[in-house]
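Labels run A, B, C and D following the written order; every chain starts at residue 1.
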Amino acid sequence: MVRVKVIGAGGYGGVGIVELLLRHPSARIAGLYDIADIGKPFSALYPHLGGFCDMEIRDVAREGESEPADVAFLATPDGVGQQLAPQLVARGTRVVDYSGDFRFNTIPDYREYATRIGRNPVHGAPELLTQSVYGLTELYRDQIAEAPVVGNPGCFAVSIILGFAPALEAGLVAPDSLIADSKTGVSGAGKTPKTQFHYPAQYDNMYAYKMTGHQHVIEVEQQLSHIAGQRLELTFTPQVVPVCRGIMSCLYGALVRDTPFDEVWEIYRRYYRDSRFVRVLDKGVAGQNSMVRGSNFCALWVNVDPRTRRLTVVSHLDNLMKGQAGSALQNMNVMFGLDETVGLDRPGVYP
Amino acid sequence: MVRVKVIGAGGYGGVGIVELLLRHPSARIAGLYDIADIGKPFSALYPHLGGFCDMEIRDVAREGESEPADVAFLATPDGVGQQLAPQLVARGTRVVDYSGDFRFNTIPDYREYATRIGRNPVHGAPELLTQSVYGLTELYRDQIAEAPVVGNPGCFAVSIILGFAPALEAGLVAPDSLIADSKTGVSGAGKTPKTQFHYPAQYDNMYAYKMTGHQHVIEVEQQLSHIAGQRLELTFTPQVVPVCRGIMSCLYGALVRDTPFDEVWEIYRRYYRDSRFVRVLDKGVAGQNSMVRGSNFCALWVNVDPRTRRLTVVSHLDNLMKGQAGSALQNMNVMFGLDETVGLDRPGVYP
Amino acid sequence: MVRVKVIGAGGYGGVGIVELLLRHPSARIAGLYDIADIGKPFSALYPHLGGFCDMEIRDVAREGESEPADVAFLATPDGVGQQLAPQLVARGTRVVDYSGDFRFNTIPDYREYATRIGRNPVHGAPELLTQSVYGLTELYRDQIAEAPVVGNPGCFAVSIILGFAPALEAGLVAPDSLIADSKTGVSGAGKTPKTQFHYPAQYDNMYAYKMTGHQHVIEVEQQLSHIAGQRLELTFTPQVVPVCRGIMSCLYGALVRDTPFDEVWEIYRRYYRDSRFVRVLDKGVAGQNSMVRGSNFCALWVNVDPRTRRLTVVSHLDNLMKGQAGSALQNMNVMFGLDETVGLDRPGVYP
Amino acid sequence: MVRVKVIGAGGYGGVGIVELLLRHPSARIAGLYDIADIGKPFSALYPHLGGFCDMEIRDVAREGESEPADVAFLATPDGVGQQLAPQLVARGTRVVDYSGDFRFNTIPDYREYATRIGRNPVHGAPELLTQSVYGLTELYRDQIAEAPVVGNPGCFAVSIILGFAPALEAGLVAPDSLIADSKTGVSGAGKTPKTQFHYPAQYDNMYAYKMTGHQHVIEVEQQLSHIAGQRLELTFTPQVVPVCRGIMSCLYGALVRDTPFDEVWEIYRRYYRDSRFVRVLDKGVAGQNSMVRGSNFCALWVNVDPRTRRLTVVSHLDNLMKGQAGSALQNMNVMFGLDETVGLDRPGVYP
């Protein structure tokens, strides 16, 4: 049994991994930590878990006093993981961090990220940074298996990278032509109530934001540049729509030559043939959010418009599953030599 | 392994039981039947089940040509179950019927029901009717265990009967004082699109309907009369609110004497002490739909207003789970000697 | 032209009255005041009003430095109106207050209210209190016309009082039998984001709250007692459903004798024959929220259940219109000798 | 007073124009026509209009028996307008048609459109076709003023054309680089219930559709080609999100040279300086659906990403107003020499 601690358990990222761990046959929750709600049973925050997870939330500052776990999920904001990871790793606990702290695995890359988002460019745990791995399982399985620290990817980033990767690797699209038009459900913004997410403000509303500065674009560019073998920049338009769970990214790229749909589709199928959680939809089948909601699957709907010679991939996933806790658990499975689908291979509920 | 057929598989009642059966450790789907979509894979109707249930839908008219199953779920409208059940039972298949066909287990009771809803008062399978049992597991466990046919209860009825039963049995409330004000999510109306459930018509809308003639009131009155030991009639106001899954029934009864809250609460706790799926909420905890959504639990929030000397119970459940497929599976478990919680004892997903 | 100030302009109660005033042919906004967002154009808070209301929000503390208006709407919480009203009235400004400060028009009644909700029982402007009038136009037209201060009613209260008034006045129902089961949209909670109103928490959710202590019940009981000619108490269950605008109250009362529906219906029609904004629905027509959303109308759907001998009235209104700003403007019209429908007599928009 | 008939009154396009006409100071509804619900009062279909529009719906087949009107709105599907327009025009009634029948104003253009969408390429009223004008008021005011028949634009098309027009006219973007990623609310699909718009299917769901064949793209390409002075084709991705009213189009174009944001913004402001209903948002102000919902405004949020040298315009409008009935009324105003803003110049309601 893998013993697991969840740090930052109180937010949506925390409850997401707790729900998954409760059903995982080979993992056991060893402790839930946070900086608030200390001493409360977890089910007081999430009443649907009453009788399933009534464990008390403990003070993260006193985590070190307890038995080390095998792995810790850090469902914490930027800046926290780099402070906590060293002591966890030193005591034998591997780390899956949800923030940007370990998504950039070299010192220069992290410096660039931190600078662009206006944070201190000096990483707090540089030696771990260079050993950490970007946690998109489909791309880095082997390295994740060995990594002491995994930087779990951003939810938008997962939907975009999975959607563009096969086309870029195969050289189908021009690297400087990429556009990602991404719609997220509101749960992607987390649990803290804010003016724009107040029900009366958000229902029947939709809007774009951070038109040129969303932090996710940086990891996307880095990963896609790596695949393309050249530095690329993409246009990214994050948007919020009145959905709870879900991301739909419409991904556009200019085909470098006339490529028939069948060829493109084959390339996508082949690329993900060993990736259980990425579904390249059958020809003639359209994607929709309800296909993936509540599950760890990413559905890719591949389209070619011969008139404009563009590839359009519509990428659907559940931002709290494949976009967050699901990917995190998938990474844990890989880190501990389990089949990556354990505890995850099931559909959502409909309607 | 219990071999299961689902008849009327294509609707919400069908997909609900299929989702549950896919995760049940001791059941196996032996066949999916319907009168439409014959020959299509089930996942063509419900794409979230792609890779999980691609079994073809077969023509219900030819069900008899296949190997009999141990049990059949009839997710079919009034009138169908009484036609199909005899041949199923004759071939050794026990039946859980979702409609009103077997919710009234004597010929006079059925006749009254059928008359009130304007159907033929002559039941099509009278001998089975008298052997059938009302499928509210919490009330009829022992009889369900032996029954050849179980009449799965209506979703509103479950929420109301579970909420009033302890008070009536204990004689706390006046039988002629009962009011059930019930709000349902739209999935309760089934899968067929209708004018009032069209998204633009239903979003931000709410309304009551069938103010004096909803068919569920009849089974509620029959069951509650039985518990009260006297004939009673209740006022029932079904309402639709823009929720997908969920029923919230506010149940009102006049206390026959001043009863302190603690005493009422103890009566409810005791009544359901052996019923895993009914949660009488702890003192000080309020109910809400998100507590039960996606799960088989019914949450009862018990309140006493000493000023008006009324009991108010707020009953929450998921209409497609405890209100339908979840209860059906719970009944199947009981019918086949399994623990009633097998394949059902898990929370929903939040948010 | 009636010159109008709005105090507490920044909240939903403020923007509601501003929207109405912008279309009112005989009123003019003389100033918008608040304690926050001072100096910002109103349209910065409410961008849909860009070009329609770009007036700067002023500091309420400096209201006295400006020219007095004819009327001030105090869209402010309990406790503020009793502080501000004296100086406003002294300078010739009549007041429509949205809070509970002037809904109880005698010192003992206010004391009882304040005590029950845990506020200081000593009113800050007792002499105005006794001159103030409860602002349900349909009940107090004549007194409102003369009143220096009007206590605009609570949104739930409007829906309940209008629904019960005819039956009580006619002695149709037993005063001790009343139950109000009221569902509100989320905008009724105001503009400030809170955990339970966060989109992911509120979408697909529904719940009851304050089962025995909602402050609105007090004014309802006072008004209905007055109509019934005897002290009465009612059971009130406020609930929140995922709707933005709207209240649906299901109102129950025991008929004191068998009264045919037609007689009840006639009583309701007669009672409201001169009240443009209360629609007693035609026989055979069911109510729904979309009928009244965005308008100042209250729709009453009257039902009699002869089996249980109960009256059930389903009352629909828009909580931000007839439940708040619409009633406020209607009161203003009456106070200034205008037809009460001026600037209000239009339907909402559908869908 | 302009006398107006509405044909196809029963759908959302019909009720939209009726709502607007009821508030128009210089127009009068002379008749409502449809092929269904003949003889019913309009308010039976749309109860929120009870007391405001109780006029009976008449049989469109007998329209010719009544007095001709000055203008008829044909809220009818493709193919109907070309049949009805000749007789209407012959009797002196000018026509605003909502369908594709008069959006292509030459015989070859119509033939191409009809062929691409699989309809009969021979137009039923060729002589009117060549006199008809594309009804995007901002582009064709002068011609609309004189036209016997106006082809009201598609809702997606309005949002896209208004968003790209200034950039194309100024030669800012490469004509072959255009992408429109458009999200619509569900009301855009009309009033008829369908499987995918059933509340349980549509709530919390989002999806793209008609990835390469939406009929709106044809009129967009024609109009934009005209502006660009060269034939262009664009990639268009229509999507549905769980919103009732609203379109948000994210429009992408490659800048032909490095153009600073300020210059782009000035070009947009200048282009629409005389167009009341197009709001080029102030610098620093982000767009959102709630800004325009319920109003006839289109909000354009102009952005330049210097990293990728792309222009991104986010275009917001209400699909039933500026996207349909609002534009139709604006056209009527122009056709009858009224100020184009009459009866339209007001904000929506919030929240």
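Keep in mind that, in the parts below, a contact is a pair of C-beta atoms (placed from the backbone, for glycine too) under 8 Å apart; a residue touches a chain by one contact, two chains touch by 3 or more.
These figures come from a predicted structure and were not determined experimentally.
Across the two interfaces under comparison, A-C and B-C, the one joined by more C-beta contacts turns out to be B-C. Among the other chains, the CA centroid farthest from that of chain B is the one of D. Mean C-alpha position of chain A lies 46 Å from that of chain C. Work out the mean CA point of chain A and of chain B, and you get 38 Å between them. Note: centroid distance chain B to chain C, computed from Cα atoms, is 39 Å.
Among the residues of chain B, those in touch with two or more other chains are 12, 185, 187, 200, 203-204, 242, 244-245, 288, 290, 293, 351. Against chain D, in their complex, chain B makes its touches with residues 12, 185-187, 191-195, 197-200, 202-204, 242, 244. Of all residues in chain B, those touching chain C in their complex are 176, 179, 181, 183, 185, 200-201, 203-209, 211-212, 233-235, 237, 239, 241-246, 248, 250, 252, 286-290, 293, 301, 303, 305, 307-308, 310, 312, 314, 351. By the touch criterion stated above, chain A contacts chain B in their complex at residues 12, 15, 19, 22-23, 46-52, 187, 203-204, 244-245, 279, 285, 288, 290-295, 346-351.
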